[in-house]
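I'd like to ask you about the structure that follows.
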Amino acid sequence: MSIAALAQSLGITLKALFTRPVTIPYPDAPVALKPRFHGRHVLTRHPGGLEKCIGCSLCAAACPAYAIYVEAAENDPANPTSAGERYAKVYEINMLRCIFCGLCEEACPTGAVVMGYEFEMADYRYSDFVYGKEDLLVEVQGTKPQRRESTYTGREVKPGYAVPYARVELEGVNPPKARVERAAPKPWRDNPVDDDHHEGGHS
Amino acid sequence: MTDSLLAAGVKAFLVVFGLLTAFAYMTLVERRLLARFQVRLGPNRVGPLGLFQPLADAIKSIFKEDLVVSKADRLVFLLAPIISITFALVGFGLIPFGPKHAFFGWDPWVINLDVGILYLFAVSEMAVYGIFLAGWASNSKYSLLGSLRSSAALISYELSLGMSLLAPALLVGSLNLQDIVAWQENNGWLILPLFPAFALFFISSMAEAARTPFDLPEAEQELVGGYNTEYSSIKWALFQMAEYVHLITASALIPTIFLGGWRMPGFLPDIPFLWMFLKMALFLFVFIWIRATWFRLRYDQLMRFGWGRLLPAALIWFLLSALVVAAGASISVLNWFSLASVLVLLAVLLSGPARQKTAKGGAA
Amino acid sequence: MTYLVVSALLFALGAYGALTRRTAILVFLSVELMLNAANLSLITFSRLLGVLDGQVVALFVIAIAAAEVAVGLGLIIAIFRRRETTSVDELRSLRG
Amino acid sequence: MSFWEVVSAVLLLATALGVVRAQNAVHAALSLIANFLVVAAVYAGLEARFVAMTQVIVYAGAIVVLFLFVIMLLSAARSEAGPDPLPGLQPLALLGGVSLAAVLVYAVSRFQAPANPASLQGGLPQALGPLLYQPERWMYAVLLVGFLLLVATVAAMLLVEPERIAPPLSGKRPQDQQEGARP
C-alpha cells in the first residue's frame, strides 16, 4: 500500500459518485426479472381452453419439499376439463414449503405447471399460503394478497416485476415488459491482466 | 466580549440547537453520500428525498428500550454519554463566522477567548473521558477493550494535533481564533506557509473525530461495537451525536485556522456566513469521501503511524517554523519550505507503480 | 481571600486522604489533591500581589506533577506485577 | 465573598471530599477531574488563563487519564476491602487533618493583600513567555523541569518494561501481567 494507491482509490470512489446508482426503487418501479425467473407456479391451458394438467401427480412425486397436493378425478366426456382422461380436481401448492426449485415443471409430462413471475406472496395467515387451482390457473392475475388488496381498493393488480419477454412455456401469460432495457453488464473480467481497474459496476 | 451575558446565552443555545440539527442532517447527508459513493441510492423513503429520516431516527432512538447492564456502574454509565456530548458541544462556540455585529447586531461567535486554541485543545482532550468511562462502566470486555484502545489512540493523536497547531500560533503570535483570522486577512492564508501543519492537523482531527481511517472506537468487525457495545437508545444516540459534533467542529476549525476563516481572498466579497459554511461543507464532504474510500487501520498500525510518523513530522515542522520565526526571516521562507514538502509528497505520490511498497505507509 | 482558605482546606483534606487511603493509587490521588491546593494558593497569591511569578511556579508544579505521576504509576505497576496488590498495607518488606 | 466564590468553594470541597472518601477508585478519579475543572475555572477567574488551560490539558486531560488507565489495568477499582490493619489511624488522621487545616487557615488569614495589585494581563502566554524564558528569571528552571520530564519518561519506561530497555539482571522474566475486564 502506498500513498499513490490511496490517492488512486479516492479517484475511484469519486468516479463512482457520479455514476448512476444501480439501485432499483422496487415498490415504486418494477423490478426487472430475468426471463427464467422462478416465481409462483402457473397452471397453463391448451389453446382451446382445456387445462393441460391431467392429474398424474408426477409433480407431487418430484417435489423435494412435499409442497404439492394433487387429487385427480375422471373427466366428464361430454364436458372435459382437461385434455386427458383425468383432470386435477384439487391442485394445491403450499407456498411456505415450496422452494421454487422448478422440479415440478421438469416432471410434468404435459407442461401444465410452469414457474411464472409472481413473487409478492407475503401474507398474514398460514392458510393463505396454500394456493389452489383458483389461484394458479393461467388467467389469474397476481398472488393471493395482491388480489385481496385489489378487491379492497377496486384497483387492478399491479405486478411488481417486468421481464424482457415471456417464456414460451408460459402460454397465455402476458407479463409486463421491461420498458428500458438496462445496459447489459460488461462481461466480467474480459481483461484479467489489468487488476487495478475493475471498478466497473457490480450490478 | 462585547455582547451581554444574555446575548451569549442565546447564541450558545442557538449554537447547540444548530449543531444538533446539523448532526441530524449530517447523518442523512453522510448516508446518502456514502450510498452514492457505493453506486446506491441511500435512504429516501421517509419524506421527500428522505428528508424526514433524521426525525424518524430520533423518534426511534428516543423510544427504544434503554438497557442498562445489570453489573454496570450505573452512575458512570449514565455520566459517560453526557460527558461525551457536553465536551463535544462546548468547543464550537469559539469559532468566528463573520465580523463583529454580523449576526443581527450580535457578534457571530459565542465567546472570544484569548487562549482559544488551548481551550479547544483542552475540550477535545476531555472528550476522551466519555469513551473511556463508557467502556469501563459497561462492565463488558468488548467495551473495555474498545475503550482502552480508542482512548489510547485519541491520546496519541492529541499530541500531533497540538504540535501541528503550535506552528500557526507561533506565526500569528496569538492563540485567539479572531486574531488568526485577522492575520490571515493581512498575510494570506496559513495553508500556504504551513501546508505540512495543515495536513497533520487534518489527519489528527480525523483521528480525533474517530473517522474512518482511524475509527477504532467503532470497529464493529472486531469488537462488536467498541466502547458503546452495551449502550442503547438515547445514550447511544448521544455518543453518535458527540462523534458528529466533533466532526463538524473539526471541519469548522480547519478552515478557521488554515483557510482564512470567514474571509475569502480579495477578489471575492466578504459574506460572513456563506464562505465559512461553504468551507465547512467542503471539509465535511472530504471526510465522508475518505470514509467511503479508505479502510480502517489496525490498532498497531494506528499507534505506529501516530507516534512514528505523525508526531515526528509535527515536531520537525514545528522546529522548522520556530527557527524561521526566531531568525526573523519573512514568511516567504516558510512558503518555500512548505512548497518543498508538497513536492516531496507529490514525488512520493507519483513515483513508482501503485503496487510497489514504499517506505512511507499510511495516509497522507 | 476565599480561595486561600479553600486551598488550605483542600490541602488538609488531601493530607487526610493520603493518610487514610489504603490503595496506593488512591493515596496518589490524594497527593495530587494536595499539589493542586498548593497551586490554587499560588495562583491566588499571584493575583492578590499582582506578580506573575506565582503562575510560573504553578506551571512548574503542573509539569513536575506530570513527571511524578509517570514515575509513581510506573512504580505501582511494577509493584503490582511482583506482588499482585496495590494495597499499601501489604507493602511491609521495606521495613528494616 | 461573591456568589461565584461561594459556589466554587463548595464545589471544590465537595469534589475533594469525593476524592478522599469515595469507595470506588474510578469514582474518586472522576471527583478529581471535577475538582480540577472547577479549579481551572477559578484560575481563569483569577487572571491565570494560560495556567487554567494547562491545568485542564495536563492535569485533567493527561494525568487523570493515566490514573484511570492504571486503575483499569490493575483492576484496582474496588480493592479497598477487608479489615483495616490500622484501625486507630482514622481518628488520628482526622485530628491531623483538622489541625493542619486550622494552622493553614490561621496562617492564611494573617495575609494582608496590597490594595491595588498590578494587572496580570490575564495571565496570557504572551505575558508568561518573557518571564519563563529570561535567563535572569526562570529560564534555567524551565530547562531543569524539561530535563526532569525526560528523566521521568525514561524512568517510567524502565520501571514498566525493564527488558525492553536493559537486559534482565536475574535472568527470569517477570510474569506477564494480565489485562482485561474487572472481576
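Just a few scattered comments:
So that you can tell them apart, the chains are marked A, B, C and D in the order they are listed, and the count of residues begins at 1 in each.
What we mean here is this: a residue touches a chain if its C-beta (ideal position, glycine included) is under 8 Å from a C-beta of that chain, and two chains touch if they have at least 3 such contacts.
This is a predicted model, so every value here is computed, not measured.
Two chain pairs, B-D and C-D, are weighed by contacting C-beta pairs, with C-D ahead. Measuring from the averaged C-alpha position of chain B to that of chain C gives a distance of 34 Å. Centroids built from CA atoms put chain D at 29 Å from chain B. Centroid to centroid, with C-alpha atoms defining each point, chain A and chain D lie 72 Å apart. Each chain gets one centre point, the mean of its Cα atoms, and the points for chain C and chain D are 5 Å apart.
Counting partner chains per residue, chain B shows two or more touched chains at no residue at all. Looking at chain C, no residue sits in touch with two or more other chains. Counting only residues that touch two or more partner chains, chain A has none. Interchain contacts link the chains end to end along an open line, per the touch definition above. Pairwise, the chains that touch each other are A-B, B-D, C-D.
Residue ranges of chain A in contact with chain B, taken from their complex: 1-10, 12-14, 16-17, 19-23, 25, 196, 201. By the touch criterion stated above, chain D contacts chain B in their complex at residues 24, 26-27, 30, 33, 40, 49-50, 52-54, 56-57, 60-62, 65, 68-69, 72, 77, 122, 124-126, 179-182. Remark: chain C residues 1-17, 19-23, 25-26, 28-30, 32-33, 36, 39-41, 43-53, 55-56, 58-60, 62-71, 73-78, 80-82, 85-87, 89 touch chain D in the complex. Chain B makes touch with chain D in their complex at residues 73, 75-76, 79, 113-115, 118-119, 121-122, 125-126, 128-129, 132-133, 136, 139-141, 144, 148, 151-152, 155, 158, 173-175.
For chain D in complex with chain C, the touching residues are 1, 5-6, 8-9, 12-13, 16-17, 19-21, 25, 28-29, 32, 35-36, 39, 42-43, 46-48, 50-51, 54-55, 58-59, 62-63, 66-67, 70-71, 73-74, 76, 79-80, 84-86, 89-90, 92-94, 96-98, 100-101, 104-105, 107-109, 111, 113-114, 116-121, 123, 127-128, 131-132, 137-138, 141, 145, 148-149, 151-153, 155-160, 174-175, 177.
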